[in-house]
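Below are two complexes that have chain A in common, paired first with chain B and then with chain C.
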Partner chain A sequence: MLNSLPMFLLMIIYVKSMYEYDTKWGMAEPAAYTVASDSETTGEEKSSSFPEIAIGVDIGTSQCSVAVWNGSQVELLKNTRNQKMMRSYVTFKDDIPSGGVSSQLSHEHELLSGATIFNMKRLIGRVDTDPVVHSSKTLPFLVQTLDIGVRPFIAALVNNMWRSTTPEEVLAIFLVELRALAEAQLKRPIRNVVLTVPVSFSRFQLTRIERACAMAGLHVLRLMPEPTAVALLYGQQQQQASHDNMGSGSEKIALIFNMGAGYCDVAVTATAGGVSQIKSLAGSTIGGEDLLQNMMSHLLPDSESLFKSHGVKEIKLMGLLRVATQDAIHRLSSQTSVQVDVDLGDGLKICKVVDRDEFEEVNKKVFKKCESLIMQCLQDAKLEVEDVNDVIIVGGCSYVPKVKNLVTNIFKGKELYKGMNPLEAAVCGAAVEGAVASGINDPFGNLDLLTIQATPLAIGIRADGNNFVPVIPRNTTMPARKDVVFTTIRDNQTEALILVYEGEGKKAEENHLLGYFKIVGIPAAPKGVPEINVCMDIDASNVLRVLVGVVMPGSRQPAIPVMEVRMPTVDDGHGWCAESLNRTYGATLDLVTLQKKA
Partner chain B sequence: MSVVVSGSFFLSCSKPSQVHGHLNFQNPMPRWKQNFTVVRCCNRSSWEKPRAQNNYYELLGVSLDSNAQEIKEAYRKLQKKYHPDIVGQKGHEYTLMLNEAYEVLMKEDQRRKYDESLGQMRLRFDNNDMPLGYSTWKGPSRPQALFVDENACIGCRECVHHASNTFTMDEVHGCARVKVQFGDDDQNIEVSIKSCPVNCIYLVEAEELAVLEFLTQPQPKEGYGIFGGGWERPGNVFKAAESFRKQLKREAATRQSQRTGGTVEETPAQAEARAHASMNIKLESFLKTWKWVKEALGMNIN
Partner chain C sequence: MPTSLTLPALPAVSGGFLRRLNSERISSRQIPINASASTAEARPAVVESRRPAASLYEVLRLEKNASPTEIKSAYRSLAKLYHPDAAVQRRPEHNGDCEDFIEIRNAYETLSDPSARAVYDLSLMAALGGRNRRFARSLSMNYSSGFNPTRRWETDQCW
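Moving on, here comes the complex of A and B:
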């Protein structure tokens, strides 16, 4: 955390100089930020006179938007160019970076000159051994990896100079712009936000999003998995419909499939009387970006080796190819074949006719993954295809014919749910949650809503050798508290190492390391005797606490003071952290699960 | 951090599959919360099953034989009231319990196991010296007796407040019942009868009391393989008592007819006997307890 502080302070100064806000809004108080970034994000902060309505923000991989509950309905805010959907990028020019909210690009190619950083949602909180980071190396700016499990080096080309930045900084810059936009239109200071995040984000990645918000002077009220925001909006629509029909408001099951540029998420929700219960969640890092990259390497098979050097020329080339491919994919949504004609310079020319079948063949794996996510989600919810009342497809990729087809095929030709804008659903849901979590009441009962969330990933510790033992399984209703009893593996073992992981892998190292701590002072006893109770508690604002206590058999009192640790504690480099711990301690401080005596 | 985590909190979750508790609500407590605290505070002696510490049915406010739909609806309703998104951090502990109760009751196998553990607890109570649910008498014998219709009772504690020697709260079922017949002076009892918001305290004939008190207790339902099972009590205890009396009368009449017209009319008697055969089998178990109740009562009256 210390090494990120100078950058963080720089950020504040930059924010201060760029936006001359009234200081009474508390915009430029570093103390407030540091507290915001590391304190818990509960929704307790009710302002003195009247409750401030939190805004809903959707920062997508390619587009971002902001919406707010205006007292009777959700309203999407437009920027000065009358856009609801704003491109998610930041261009570094001279000294002052500018984001996609406020600035105007003269041409799409300017985006790809090397000075513009985008796709940060794919990179935030990832280490350089992550395959997603490696696939991002074809982006027209610098993504450098050392492959040891530290954060990648990211830089923009400004005046023929690589200027380094971080995903957090880039996100913070356009969050500041979004905030300025909202403040200008709503004529009030904005502090609380509800952000949508992908289902597959690890807790470490969520802290990075919170950090970016803190840098922008925003307080995160809730981080909502994207499909659950859509589920909330669906719940509201169902409730309004049942009001109109004077219906009984019977339970409805909906499957939400959300595929954007960076991520693909699926959720199953059961809604009745304004309460949406999330039955299951599934998500993966696949999206339009993968379609684009696959298509690029299809059009130019040796593109990867070509772009390795990241010279100015290559970046330009990469940009040209990117724009042409993107354009082709967009056109393939309405046409069955397109002509790709692009001159990359240096005698490198692409002149090809690509049809829809070819596009679908190239991206076969991506679509297969989408199908498996849906099936997994249904299975986790213990539901059959026939049980689903409504199928909702949202996100940018919902315009791709193949995506629509594969979903309707799974649901045996069932008609898709209408009445939701695929691009705006998530941000609208976030805005509704913003109003609900801020304690706003609506006289017409439109905010009489609740989303009961579920944990998207299992959380557990390393035990039984190198295995991952979940304490809170996937799709557990939140708030949740579960415990598992462990014991020592050798006689007179007085210390134990608790390594907290999150994920679905069987082996510990296949999962994300969230944190670690040591239990000391276990009373000397033969192996298998001390009961080491590991309890995990997640509250409604998704704060995870791990509690560990040691109880000796026959005693009702803990032998040593109980440890309570808020997770995640790792701040960076979780890849090499685990390796280093393993090297130092080996299996000497291990634990095994205690078999319950019948 | 608004949730206080202390050593004792931790211990309360030191056994897996146990309901955790500690509530720090500042609001006036609704009934279930009081129950909960009381139940939790009772001494944790070694025989006590940890699961028996609070009742999931009571927590959700559903009856023992409610179906999944009813449980779901009750769960949603309570979530909407107590979810931390709505009431803030102080709803955390309660929502945790709700989630646990819901998880157990919605899964058929877990619910059955839980019902069994509940039943065991209740049987243990029944084996105690003091038969829970039957009132004792104080003072001279009277023609009328006090009886609380536990189906109607909303657990307001009004009667317990006014006449604490007569009425008591059944914390497991969440309703009041008579502990000692006329344990307080008549004036207090009259006040408590009048103060009942649902008028569920009745003056009944003394000889009817035992039947009513027996019938009002939840009885184990017969299970067929994996179906059925659990506990139930009659919806209207007075009607149930009436039909119980009718059954007794009919039985007596059957016996009479069997004794008198032994050989004369064979076929109709046989048919009637066959019709009542199943009823008699059922009644036998009833009668055993009935006799035992009589004995217990007789002793108390003397």
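Moving on, here comes the complex of A and C:
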């Protein structure tokens, strides 16, 4: 059984199969090599029409689920305990990890031992200077930071030993279990998946998700931002409701608000005739986990200092507090006040009545952020509140009364869209996309769907001093290709450094460094003369390529060979990279945008 | 694949040498697709849109006086044919190329915005006024029906 194997064994199997793949194909056709390399999802592979239907997978911060198009509709797969939603955690025991999909032990009990790792979706692809990583230090296992911009150290306590792990490994263990579950039920090998991801994930985080899938032997057909998966499902429902409105007139605008345990995403989609155009996206790393952490420090104000030493006793304490707080928050969804009674040991007892107002006051900032995400999304879509036909709320936090209220308040008391299960919408959308992207045809036209995606974050380079100059702005329809012309900042500058960033910050360092390369051999000329054309290309599989060419005025030929670089190239330690590049080169190889001649 | 740049550079509708370079490179590996597409689909538009289209209206297969609703619905219908995801589904031999869709999208973005459309219409007039020979000629050659370019005797004569 795959799921009883230790991860390192899985890795060996994986590496071995990769090796065979390479040696088999590498000689005859060098081009095939890129298809085999682990985390790559190349467009080419798509074309060799898979007969199998890709499954849809939603690995949430707290729960994961898997669904598949069964030929006429989406079906959620259940585990042996008849659960459709499985807890996203992995318990390490005697070197054999077991995840929430298959394992039988209760989550709450295992939390207390330090051997259970969860919330990895919040930590994947983040460096240890990230505030999200810092706030994860209260989790009942080891999250250690050195604060220098490298990946944090994460470990589970197994037999009084810290066994190190990575978010990728933990996600891969779920994925192996989910895959085994799907294979057992569908009675066929599973290779292709459509995975939902948060809107705010950087491209580097997406590569980490792809890496986790590769470790689990899965090929990522598509990584879909969660609200766009919901948008696809909405598009399908609208299509089924009215088959005869192809194209024209009856366009429906929906706003999708998705808030889970780890992330909050908003999307605006315009749907007609089965075509959903994503008009805007907004997302942030806020979710149920923040509500929980704020509440924990409200109940036990000095919790952070108490948890510093991460001993066995403290882990148990953290676990108890977490379970009690979570339970209180859940109960506050239906009750206006609840009694919290928990004995944390060592004479530390919490005995308190918490009411809903208190909970909402403690989490004021989180709710404010939710509101601003919705407003930003509407603004980016150039729409007014009145233009929205349907408001859809999904995700675990949709059960929190305050979340529901704040959304309905923005939409002036408009009734929320019904007909979607808040917890299942994203995975169902992913399963529909899995069928569509696998080229499955439905005789009733239920798969005659298309989602036109948009880029959630701007991509650009550092220029004009230390500024971030977007080449592809956020909410640009994908596939996309855009270019901006830059020029040199000093006379006879023959080299230029291209630093590619992704994000929304005005200053370069506020954004996420995706990669860098140097242009050499620019013909000597006065400053401002050479035209350095930076072109960015995102294909339908969301692969980003950066092309840079240098042209001298009056010439049609590029002065030097064009550089084409696939991003991201930075693999780890972004903090280090950006800083040392800055230290070594400063502004000597800078560029400025060239003002367009009329 | 080595990229040759010996092509006499055409003044593209919207400039940028890398765009030219790209479309040239991609179209060179596109040839078999074009052939199969024209048999699979009624519209021979894949082949057509390889060349810089004469106008954004031509890209969306619209009359020049199309209404905003018509523009929107043309964009949707074309997206269903030319978006790489849809194209893979409809034509399994399609290799996921994005050129067509990007062109359709760019045309839609201009024409769906009333002010951008007005500016574009003006520039179209100016171009037809005779600054650009290749542009004007391809328009006059391609359009036998529908929208009648504002050609004058002088412009025809001086070129």
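Everything below uses one rule, namely that the second predicted complex is superposed on the first by the 541 of 598 C-alpha atoms of A that agree within 3 Å, B and C clash if a C-alpha of one lies under 4 Å from a C-alpha of the other, contacts with A are read in each partner's own complex, and residues count from 1 in each chain.
FYI, a contact is a pair of C-beta atoms (placed from the backbone, for glycine too) under 8 Å apart; a residue touches a chain by one contact, two chains touch by 3 or more.
Keep in mind that what you see is a predicted model, and the values were worked out from it rather than measured.
**Student:** Which partner does A:Gln557 contact after superposing on A: first (chain B), second (chain C), both, neither?
**Tutor:** Once the two structures are laid over each other on A, A:Gln557 reaches both partners.
**Student:** Would you sort A:Asn159 into first (chain B), second (chain C), both or neither based on which partner it touches?
**Tutor:** neither
**Student:** Between chain B (first) and chain C (second), which, if any, makes contact with A:Ser305: first, second, both or neither?
**Tutor:** After superposition on chain A, A:Ser305 lies in contact with neither partner.
**Student:** Determine, under the contact definition given at the top, whether A:Thr477 touches first (chain B), second (chain C), both, or neither.
**Tutor:** Both partners, chain B and chain C.
**Student:** So in the superposed three-chain picture, is A:Asp539 touching just chain B, just chain C, both, or none of them (first/second/both/neither)?
**Tutor:** Both partners.
**Student:** Let me check the overlay on chain A: which residues of chain A are in contact with chain B and also with chain C?
**Tutor:** The answer is residues 43-44, 251, 272-275, 277, 436-437, 450-452, 477, 479-481, 483, 485, 533, 535, 539-541, 547, 549, 551, 556-558, 562 of chain A.
**Student:** Can you name the residues of chain A that touch chain B in the complex?
**Tutor:** My answer: residues 40, 42-44, 251, 272-275, 277, 436-437, 448, 450-452, 477, 479-481, 483-485, 531, 533, 535, 539-541, 545, 547, 549, 551, 556-558, 561-562, 564, 596.
**Student:** Taking the complex as given, what residues does chain B use to touch chain A?
**Tutor:** Those residues of chain B that touch chain A are 1-3, 5, 7, 10-11, 13-14, 16, 20, 72-73, 76-77, 79-80, 83-86, 88-89, 91-92, 95-96, 99, 102-103.
**Student:** Flag every residue of chain A that touches chain C in the complex, lowest number first.
**Tutor:** Within the complex, chain A touches chain C at residues 43-44, 46-47, 49, 246-249, 251, 272-275, 277, 436-437, 439, 441, 450-452, 477, 479-481, 483, 485, 533, 535, 537, 539-541, 547, 549, 551, 556-558, 562.
**Student:** Under the touch definition given earlier, write down the residues of chain C that touch chain A in their complex.
**Tutor:** Going by the criterion above, the answer is residues 3, 5, 9, 16-19, 21-22, 69-70, 72-74, 76-77, 79-80, 83-86, 88-89, 92-96, 98, 101-102, 105, 109.
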